[in-house]
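The following pair of complexes shares a single chain, chain A, combined with chain B in the former and chain C in the latter.
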Partner chain A sequence: MNFFVPFCIPFIVGAVAMFITLAWKWGLWLYRLPRADKKRIVCGLPTRATLDAAGEVVCESLLHRRIFRVNPLLGYMHMSLAFGWFLLIAVGWAETIAYVGFRWVPLQGHVFFRYFATGLPHKPVFAFIMDLLLLFVLSGVALAWGKRFFSKRMGMRRTTRHVLGDRIALSALWFIFPARLIAESTTCALYEGGGFLTGTIGAWMGEHISTMTLLTLESVAWWFYSSCLGIFFVALPFSRYMHIFTEIPLIFLRRYRLRSDEKESSYDRFQVDACSRCGICIDPCQLQSVLGVDNVQSVYFLRDRRYGMLRAEVADNCLLCGRCAQRCPVQIDLNTLRINSRDRLHNIPAERRYDYLKGVDRSSGTGKVGYFAGCMTLLTPRTLVAMERIFHAAGEEVWWADRDGSVCCGRPLKLAGETDAACKMREYNTELFRKHGITTLVTSCPICLKVFREDYALDGIEVLHHSQYIFRLIQSGRLAIERGAGQFTYHDPCELGRGSGIYDEPRAVIEAIGLLLEPVDTRENALCCGSSVANTAITDGQQLQIARSVTAELEATGAGTIVTACPLCKKALGRGAVHAEVRDLSEIVADAVSK
Partner chain B sequence: MKRVIIIGGGPAGMQTALCLVRRGIEPVIVECENELGGKLRNWHVLFPTFTPASDVLTELRRKVRENRIGVHLSTSVETFTDRQATLSDGRVLTCDAVVVATGFTLFDARIKEEYGYGIYDKVITSADLERLFNEGRVVQAAGEHPRRIAFLHCVGSRDEKVCQQHCSRVCCVTGVKQAIEMRRLFPEADVFNFYMDIRMFGPGYEELYREAQQRYGIHFVRGRISEAAPTHDNRLQIKAEDTLTGRPLRMSVDLLVLLVGMRANDQNAAWAADNGLNQAPSGFLQPKDLFLGNVRSGVEGIFYAGTVTAPKTIGETVNEATAAADAVADYLTTKA
Partner chain C sequence: MAAIHFGYTISKPRAIDLDRNNLRKSDEILREMPELQTCIGCGSCTAVCTAGNLTEFNFRKVHTLVRRGEYQGAYEEMNKCMLCGKCRLVCPRGINTRGVVLLIKRKLGDF
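Moving on, here comes the complex of A and B:
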């Protein structure tokens, strides 16, 4: 058996083109990785991380476990296509071995084995398994078709609008398996064999169609099947289907602790190309659901970035709330990628604007505990006054970092892409904190908190959000609270919740004061207030629209007071609220302090 | 006799009623407060002439009384159409036309938390200052010998951040007037006005502005205050930018007066929805057109008078009330 017939050509050409492109792309991306990243890979290879990554590849790239959490039907669709196809290939391989023993068989010999195996003795077990797997994949294709029309049933209100290249690849993919079914069935009609699916259809064809027609049909069907494969493979590295192969190295690299940062790096390419454009990120986006902005979501951002068509209007129009990243089945670090795109678009290198910061120190007081209110807290002084009362009640000696004016923490600049300027702020504040010898740094602003924790080198200084600090005071008995009859609902600030993983402390504090009523979307799924400093594109009116939709949900709990723990959220919700009062956590604590 | 319901018993409502009576039409004023006068009741003196607000108010109230105009006090209108109004006490009044003269709502300065209103007692609003003048308690608020007093213009006006994009018109000249009053009361104090633009549109306003600078030495700084914070000696520290010199500045003051703007009543939305009335993006009710239909709503039998359609001065309001009465009379004659 020589395992070659002319219809194999489209497939062979496609497969060769695909593997060359893949090797070239991956090679280039790996080669361009920073030295430190390469070192991480080499050091990580012989460790547990490799095993864990392999496990994750099976769970995610094949089984699509995370998509099951979004919607079981959607998960099944993705799994049947990925895992089903994988099994078809793997079992197909085993089938070839079972038929011809251990000998070298070219690629097309495995893929089109049913065509070549007609002269060999029939093995019904393999025929059955292969038919079952084909049916498994076909059910996925059917669901994919169905999703076009009934996406809501599959947990998606809106689906991705695809570009032409994706549509071609998508059409080829959808035809591959029906084409395979017809091709194999026709061969079964002529030469018998096949399982419950191809065998049955083949028998029916044999009865109703003349042999001459069947011969022509067989040739056409195999040519068509091979062409679909060929087109799909050629299109794959340039379309959304690049994710099939890219997610695998991404998982490994992530396990080896490679991360995206505020400057673009070669590792980003693995993340960007690992996006399957499944569109799961569209529904959670409030710019979409409230404002109807439908071309800036992560799927479109990554697509534009990948093809080099990213415009500032798209990169800048994002709240960086992280609701999409939280749902992303590939766990792409969407916020960081957005930030480093903005860096490329907006950063001004060698920034000298801030030279005047040298030597400025407006801080006051002394103490091991430092308090950094943050710019937004200074603009919402009720929080500041409340913190003063709390510190006083707890008898804490406080070093006030910025009560009389401050230098920004730098995060708003970083979020806007001005990362070099942000760096100046970080350097200034780090030096200031070190100079005053504090051991704990408390801030009322989650934006400051996140940057202090992630981008500042503050070894030896514990950084706490005021909700955590207050919680500790209450727990240790330093702050006595009187529980009242108030009913509160809590809005999770993005930077505090999804951004820093602080969900429980603010809730525990509220529960010490009164009754806590949870809104529909809470904790990891909490909505964004809409006034994020990260979005420089939407108008105030649009911010207000989002704030109104969020406060409507919070007010629906029936609570008289909306509590939040971010000065920006407080300001945003304050103008969206109709009945409820909007207050910072510290304000309700200060009011409840036992006299 | 034709009957017209006037919703609101401020200057606009009272003047409309007086003009209607003269034309042989029966006006009925429905006022939610327990006396006539609207926001004018709390005002001290009026710009640009420093005429006591009570002069205007007393005159209008006297005429209303003399003409025996029907007034329902402490009563609000729940819903209305051009033919009837349902009152808060459950009564239903029938009529031949309705004039909406419900005025405006003062911007709540607590929303601009950065200025510290409601947090620090050295921060008051322009409306508070008028009241303090009436009660003779200004010294109590500003201290015996204030060194500096600051006025901040455009609080809740021309401010996208609080969704009030319109200009409230009267605050500029109110700021000038109040600055002069403070300077007269505290000749030793420096008085600062922080503004974005100074809009002196009325007769005598520009002259008053010039007088404030030349005769009273009041300082005008182009730039908004960004935040206010208390100091250790119980004063206020304000931060601003002088946008003419391009320099940030900070100063301690003894009193910060916020010139709060006029915003649309929340009620407008529901009434507009009930009757098919138009609401401007600012929230104020939108007249039929701004030239020949200023007091008409575009809906048969419903008319507007005063600041329910936009911020106006007392003089403009009273004039518009006369025009509204004229339009109502015209409408009732044509209908009959």
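Moving on, here comes the complex of A and C:
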């Protein structure tokens, strides 16, 4: 058997083109990785990380477990296409071996085996399994068709709008399996065999269609099937389907602890191309659901960045709230990618900037516990006063870093892409903290908290959010609280919750004071107040619109007081609230301190 | 009589001849950020300014001069801003002040 007929050519050309492109892309990206990243890979290869990554590849790239969690039907669709196709290839391979033994068979021999196997004795078990798998994949294709029209049923209000390359690949993909069904059925019609699907259709065709027509049809069908495969393979590396092959190395690299950073790097390519444009990130975005802005979401941002057509309007219009990243089944580090795109667009050298900070020190006090209010807290003096009362009640001696004039923590600059300038703020504040020899740093602003924890080198200084600090005071008995009859609801600030993983302490503190009522979207799914410093694009009116929608949800709990733990959230929600009072966590604590 | 020091200074009176200034950049800026035209010059932004608290930097003055076509030094001045966002929270006209800082820097980078 020589396993070659002319109709194989489109498939062979497509497959070869695809593998060359893939090898070239992967090679280039890996080659361009920074030296430190390469070292991480080499060191990680012989460890458990490799095994864990392999396991994750099976769970995610084949079974799509995380999509199942978003919506089972959507998960099934993705799984049937990925896992089903994988099984078709794997079982197909086994089938070839079963028929011809262990001998070398070219790729097209495996793929079009049914065409070549007509002269061989029939193996009904394989025919049955292969038909079952084909049905499995076809059900996924049918769902994909359906999703175009009934996306809501799959838990998605909006689906992604696609570029031309995607449309070509998508159409080819949609036709591959129906084409395979018809091709195999016609062959069955002529030579018998096949399982419950191809065999039955084949038998029906054999009865109703003349042999001459069937012969023509067979050749046309196989040519069509092979062409669909060829077109799909050629288009794949340039379309969203590149994610099929990119998610796999991404999972490994992530396990070897490679991370994206505030400056673009070659590793980002793996993340950007691993986006399948599934569109799951669209629905959670409040810019879409509240404001109707529908071209800036992560899926579009990544698409534009990948094809080199990213505009500042898209990169800048995002709250970096992380609601999309929290849902992304590929777990792409969307916020960091957005930040390093902004860095590329907006960063300016900053050697001479902020020279005026030299020698500035407006701090006061001498304690080992430092309190950094942050710019925003200085605008919400009630928080500051409340913190003063809490420190006093606990008998803490405090070093006040910035009560009489702050220097920003640098995160707003970083979020805007001016990362070099942000570095200057870091240097200044780090030096200040070191100079005063503090061992604990408390801040009431989650934005500062995040940058202190992640970007500052503050070894030896424990950084705490005031919610954590207050919680410790209560737990250790240093702060006595009187429980009252108040009913509270809590708004998770993005930078505190999704950003820093702090959900429990503020809740524990509130529960020590009164009754806590949870809103519909809470914890990891909490909404953003809309006033995020990360967004320099939306207008004041739009911020207010988001704030109103968020406070409406919070007020629906029936609580008289909306509590939050971020000065910026407090300002934002305060504008949106209709009848509830908006207060910072520290304020309600200060009021409940036993006299 | 010795002047009483109230803790602030007043800029010297001066005249700007709008016919002589080239308003092209100013027009571009206002086209991209029309809300800046609604500024009432209240100075709240400057009063709370983090950078202005530590150095000679007056946000209201800089963006007002830029709108009048006085671009000299505006870029360097705006580079003193820390983008902290306090000004945006106090502006009674809800002007996207951080956006203004970034826009002026983008438009006047070469002045």
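We take it that the second predicted complex is superposed on the first by the 593 of 595 C-alpha atoms of A that agree within 3 Å, B and C clash if a C-alpha of one lies under 4 Å from a C-alpha of the other, contacts with A are read in each partner's own complex, and residues count from 1 in each chain.
As a working rule, a residue touches a chain if its C-beta (ideal position, glycine included) is under 8 Å from a C-beta of that chain, and two chains touch if they have at least 3 such contacts.
This is a predicted model, so every value here is computed, not measured.
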Simultaneous placement of chain C and chain B on chain A, clash or fit: clash
Tell me which partner A:V360 touches in the superposition: chain B (first), chain C (second), both or neither. second
Taking the superposition on A as described, I'd like to know which of chain B and chain C A:R403 touches: first, second, both or neither. first
Under the stated touch criterion, which partner chain does A:P381 make contact with: chain B (first), chain C (second), both, or neither? first
Which of chain B and chain C A:G574 touches, first, second, both or neither: first
For A:M425, using the defined touch cut-off, is the partner it touches chain B, chain C, both, or neither? Pick first, second, both or neither. second
Contacts of A:R498 with chain B and chain C, given as first, second, both or neither: neither
Which of the two, chain B or chain C, is in touch with more residues of chain A? C
For A:G541, select first, second, both or neither according to whether it touches chain B, chain C, the two together, or no partner. both
Taking the superposition on A as described, I'd like to know which of chain B and chain C A:R269 touches: first, second, both or neither. neither
Between 61-69, 97-105, 223-231 or 313-321, work out which stretch of chain B sticks into chain C after superposition. 223-231
Quick check on my understanding: which residues of chain A belong to both its chain B contact set and its chain C contact set? 378-379, 405, 539-541, 544, 571
Sites on chain C touched by chain A in the complex: 35, 48, 50, 53-55, 79-80, 82-86, 88-91, 94-96, 98-99, 102, 105, 109
Provide the residue numbers of chain A that touch chain C in the complex, in ascending order. 346, 348, 350, 353-354, 356-357, 360, 375-376, 378-379, 405-408, 410, 412-413, 416, 418, 421, 425, 531, 533, 536-541, 544, 568, 571
Per the touch rule above, chain B residues touching chain A in the complex are 111, 113-114, 116, 119-120, 160-163, 226-229, 237, 239, 250
Enumerate the contact residues on chain A facing chain B in the complex. 378-382, 385, 403-405, 539-541, 544, 571, 574-575
